[in-house]
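Shared chain: chain A. Partners: chain B in the first complex, chain C in the second.
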Partner chain A sequence: MKNSSSYTAIAYLFLAPALILMGIFTFWPVGYNTYLAFNNYSIADGVATWNNFEHFKYIAQEELFHSALKNSLLYLLVVPVIQVAALVVAKLVNNKLPGMTFFRAAYYIPVITAISIAGVVWANVYKYDGMLTWLMQTLHLVPQGPDGQIDWLGNPDIALYMVMLFTFWKGIGYYMVLYLAGLQAIPAEVEEAAILDGANAWDRFWKITVPMVKPTILLCTLLSTIAAIRAFQEIIVLTRGQADTYTALYYVYDQAFRNYNFGRGAAAGLVVTFFCLMLSAIQFRFFGEKK
Partner chain B sequence: MKLKRTVALAAAVFAATSLNALAAGKVQVEYWSNSLSPKFDSVMKDLTGKFNASQTEIEAKWVDVPWDAFQARMVAAVASGNVPGLVNLPKPWMDQYAQSKMIVPITKQASGFKNVYTEGANKDASYDGQIYGLPWYQVTGVLFYNKDLLAKAGVKEAPKSFTELMQTARLVKEKTGVAGFAPKLNDGFTGWFLYEGLPVIKDGKAVFNSPAHVKLVEEFAAAYKAGVFPKDVFKMQFEDQIAAFGSQKIAMFAEGAHALKRTKTDSPKVYAETGVAGFPQAGGKTPFGGFLFLWSVPKGYKNVDAAVKLGKFLTSDDAQLAFAKASATFPSSNKALDDAYFQAGAKSADPVERATSVAATAIKASRTLTVSGLPDEATMNKKLDDEVQAAVTGRKSAKQALDDAAAFWNGKLASK
Partner chain C sequence: MSASHSAEKALSASAQDSRNTQKRSRTMASSRKTRLALALAGQYAGLIAFAIFTCFPFVWALSVGLSADPSNTWLFPRSFWPTDPSIMWFERVFTEMPFLAYLKNSTIMSFWTIVAVVVISVLAGYPLARLKFPGRNLIFVAIIATLMLPSEVNIIPNFITLKHLGLLDSYTGAIIPNFAGAFGIFLMKQAFEQIPQDLIDAARVDGATELQILWRVMVPVSAPSIAALSIFTLVNAWNDYLWPSIVMTTRDKLPLAVGVFNDLTGPFAVSTSLVMAAIVLTVLPVLIFFSFTQRYFISGLDGAVK
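Let's turn to the complex of A and B:
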């Protein structure tokens, strides 16, 4: 007969391997990063000195950081689009028609493609005389010849949205799989009962599917929000921050690895984290379980 | 038979352990090259072997670090105190590391032999009056042009000045419809100011909004508008320029001689039509596209003298010559540059060989065109490049763009 405290001890024992790894590779760096945000840190001497919020004051007045933060927040536009699309695609591939496995795999391939390789391919799609321009010209959506050649990643008015489209393409499969798991957990009887009651497909989607995958919606929305706000890799492979696509995390990277000012980079990173937490809290309110 | 094999194995193990024992008494100097493996493994191993054979107290250990991982590895090494003896840095990185004190000055150790390097290289090796690096290989821009396209534009000779170059590019665009020239713009614009001999900072103030600076940017803007430069010229990297030249989408570009090796394999027809000339010098008295790599000693390394000794060997005439031959780059030491090898291709029909001899002549004057020691380098360069890009692509007037960038720079410089 075991008592509850020994159960707790055993539980922690099972958790220990993961906790130790996370402690070393996640919690410790996050904690140290937070500490650095309030200090002047010299790598050469390894000395950190308290600086009275100097980094925060600096980035509060830094117009480049403001516009970078604006771009990161703008990037959130991709979240609702990718979530709705992923749910719809998941619904479409969640049937037993022949060949469905092919579609599921096809949607997932971009997820497992290395971002650097996908970036090279998409740079050619977006090149002014690349595939997208060709397609638009073939469909007569833009003028023929050099006049219709659009530098998709070089025009500051559209470049960020083009990068978002890349993120959409790269990420949709990931959320589709999560939604698929959520959809398959819905008992068939519920839907069958609704059909017998005369509910149409639209009603069934909104009244049954959406409410029943709500926990998955919360999870996916959280994940894609965090991914959007820390958009960096797609920027570095496609535009390197040119044409008004500079994001907050790019600023963090520049401060840390171009200026070697790790304290300022950490402070900017902390501001990004603050926005992530705030948005997560809002999402929990909307989609979370009511107690 | 079996016994023989056992004895041989035992002998090998014994030999290996005794070698290790010997090596244990030596100072081991690990040195990091920058993205040279696997292409240049044999020359690097050869150089390491030669150095080790000549030393009784020092043992060199070569490690290659890929370009993308280099800075992160360097930061981690210095922060943890577990540093290699030498790191191979391009000039702009050397300045940044010197500024953040991640590498140490070696003025004292290098003073005895620094005269072996070219004048340009020695200037590049200094930061704030101290020597921070031993000059190694370098490249300089030579002008590659498509003879066929130039002929169609009625141009018979390679341009001799930058003004002529821009005129030729314009003619090519007008007559053939092909973009005449792709200037290197993805690394920022300050290099072009310096190439023209226009100062970027003077007496602690940004001075790149003078009429002369504005005129240069306006010239680029006019060329961009007329389609003389390709539309995505700001994004074009090394590979993109080579690809565009190979597919005849640009008529001229400037790069190191090594760039054309790709054209030779990928576009043999264009390669056969490729002419080579020195990149014309302008007010800065240096060709565009010079880039020097140096060996520096990271902070925290204990045996600085041993590291410099290895650096001295790697940058010696013979070692530099061996590396230059293997890589189609150039040495930075005077004697190695005078070697007959570099002039052998002067009359060759092969563009790479000819480019090598053209560049060898220009390289003694070659400097790495970079501005260093800025208080917030990443942000300041970003601002300037964004503004110049806006001006060149016609979104803003050149004067306004440079004024805005200069005001931003001066704000940063004042709060330094």
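Let's turn to the complex of A and C:
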């Protein structure tokens, strides 16, 4: 048996590749972003000069960033919807009934599709004479004929919600799989006993399933909250920020790679990071301890 | 006499009672059976409705891609069934865009990402799970905390870093930021924690080095988790859009998710049929791969949520 100091050397040796790569591509960017946010960065020669909070002052009074932040926070609406739906769906496919493998796979297809590719298809769903218009007209929820042909992604009142629906469609399978893994850890006897005691499905869901998958609920809520705050790729592929769908990270991207103002982009990114950490902390307080 | 009488009475009463219970339980059983059947029907109705919701865009895309005659593309629900079926649009995808080049790029990039992610996560997961050393908790918390950061914010610094390293517009540059991730390390740590200590102790007594223990004992036992991690990584690498679209500038080096998207929203946007055929061809490889491996996927993720 070796002594503990030689384990320390081995441990760090094993961890080295991960720590070096994460250091360069995950931890360093956080520090460098903070640095950039307080400087004017010139792309041509890579020189950064201190600018006395200029970027923060700028975005604090800029209308565009305000609406971007508002849209990102509004995007959080998708979190409770997707979580409840994913848990219910996971519950439905967590049965020993024929066809469950098929349904699981069917729900997972959107997850394994590239967001860019899925976006191209959904642009056709949302076209003014596309599938959504047809569905709504068939259900008589919008007027027939050209009057009911809504440009779902072009109308500033609804475009953001349409992008959220896309996020819901794309992400539900992912959370379903996580919940499924959590559900399969619940012994079948617990539920059988409750059935014998005459508990109905509703009670069983709230009194057994929900408490027993609580750690998974925390994990999934955390992941989807962060995903909602950083909603951005779906914006790129669907609306390019048109029609009041400009989100905070879209602002970061726009400033950095269209205006080439890396400093201002980094400052906005820092604000988004701050929101992410704050929301995570709140959730840990809510779900974390009561176990 | 009166005693026997009352006993008889009691007996008949209890007989009646049991008859009543039997009757009640029979009606209860039949009503329970209908309730169960109804619940089952409702369950399948919900499952099918939801499957329609998740699959309809692909069914439509497939049907439009298979229709030689595009005139019904915007006629619903007619367009969910191909008109004049043929694979001509699929053939045109190969002739009109460098689809095979994109496919090759995606394959190369996904393959190396999987190899790197698995090796790095296995190496990092082992000490975090099984070795005692100073700084372990700090490192683990730091790694997990990165899950809470919006990784898109990293694109600006990473772009600058890669520029300095001269890795812009290269395969390596497009995939290297994904090599070390909290998810993979966490998954492998959870998997290694479930292995009995006896196995490790026995190997140590036999004089095995830590690397041998990892390779000969831990890795084979954790195969389901490694499979899940590989599948997960493949799906992510295959579909990664944002970062390659920023790093890659040469068209011939683009992966499918970027190349096909650029082509579809650019020069080919005119023909919906061609667009949908290309989309089906892009989704198909992952779909086939996933359908063969999905049972490993869910069982392998078990440890992650416990």
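As a working rule, the second predicted complex is superposed on the first by the 275 of 291 C-alpha atoms of A that agree within 3 Å, B and C clash if a C-alpha of one lies under 4 Å from a C-alpha of the other, contacts with A are read in each partner's own complex, and residues count from 1 in each chain.
Following the convention adopted for this analysis, contacts are C-beta pairs under 8 Å (C-beta built on N, C-alpha and C of every residue); 3 or more make two chains touch, one makes a residue touch a chain.
Fair warning: this is a prediction, and the values are worked out from it, not measured in the lab.
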item: Contacts of A:239 with chain B and chain C, given as first, second, both or neither; value: first
item: Greater residue coverage of chain A in the superposed arrangement, chain B or chain C; value: C
item: Partner chain(s) touched by A:112 [first = chain B, second = chain C, both, neither]; value: second
item: Touching partner for A:260 - first (chain B), second (chain C), both, neither; value: first
item: Chain B versus chain C as contact partner of A:199, first or second or both or neither; value: neither
item: Partner chain in contact with A:74 - chain B first, chain C second, else both or neither; value: neither
item: Which of chain B and chain C A:62 touches, first, second, both or neither; value: first
item: First, second, both or neither for A:151, with chain B first and chain C second; value: first
item: On chain A, the residue positions that both chain B and chain C contact, one per complex; value: 46, 129, 257
item: Chain A residues within the chain C interface of the complex; value: 1, 4, 7-8, 10-12, 14-15, 17-19, 21-22, 24-30, 32-33, 36, 46, 89, 92-93, 95, 97, 99, 101, 103-122, 124-125, 129-131, 134-135, 169, 172-173, 177-178, 180-182, 184-185, 201, 213, 215-216, 219, 222-223, 226, 229-230, 232-233, 236-237, 249, 252-253, 256-257, 262, 265-266, 269-270, 272-273, 276-277, 280
item: In the complex with chain B, residue positions of chain A that touch it; value: 42-46, 62-64, 123, 127-129, 146, 149, 151, 153-154, 156, 239-244, 246, 254-255, 257-261
item: Chain A-facing residues of chain C, complex; value: 39-40, 43-44, 46-47, 50-51, 53-58, 60-61, 74, 76-77, 119-121, 123-124, 126-128, 131-134, 136, 139, 142-143, 146-161, 176-177, 179-181, 185, 204, 210, 214, 235, 238-242, 245-246, 256-258, 260-261, 264-265, 272, 275-276, 279, 282-283, 286-287, 290-291, 294-295, 297-298, 301-302, 304-306
item: Of chain B, residues touching chain A in the complex; value: 71-72, 75, 78-79, 81, 96-97, 100-102, 186, 227, 230-232, 234-235, 249, 299-300, 376-379, 382-383, 385-386, 389-390, 393, 395, 408
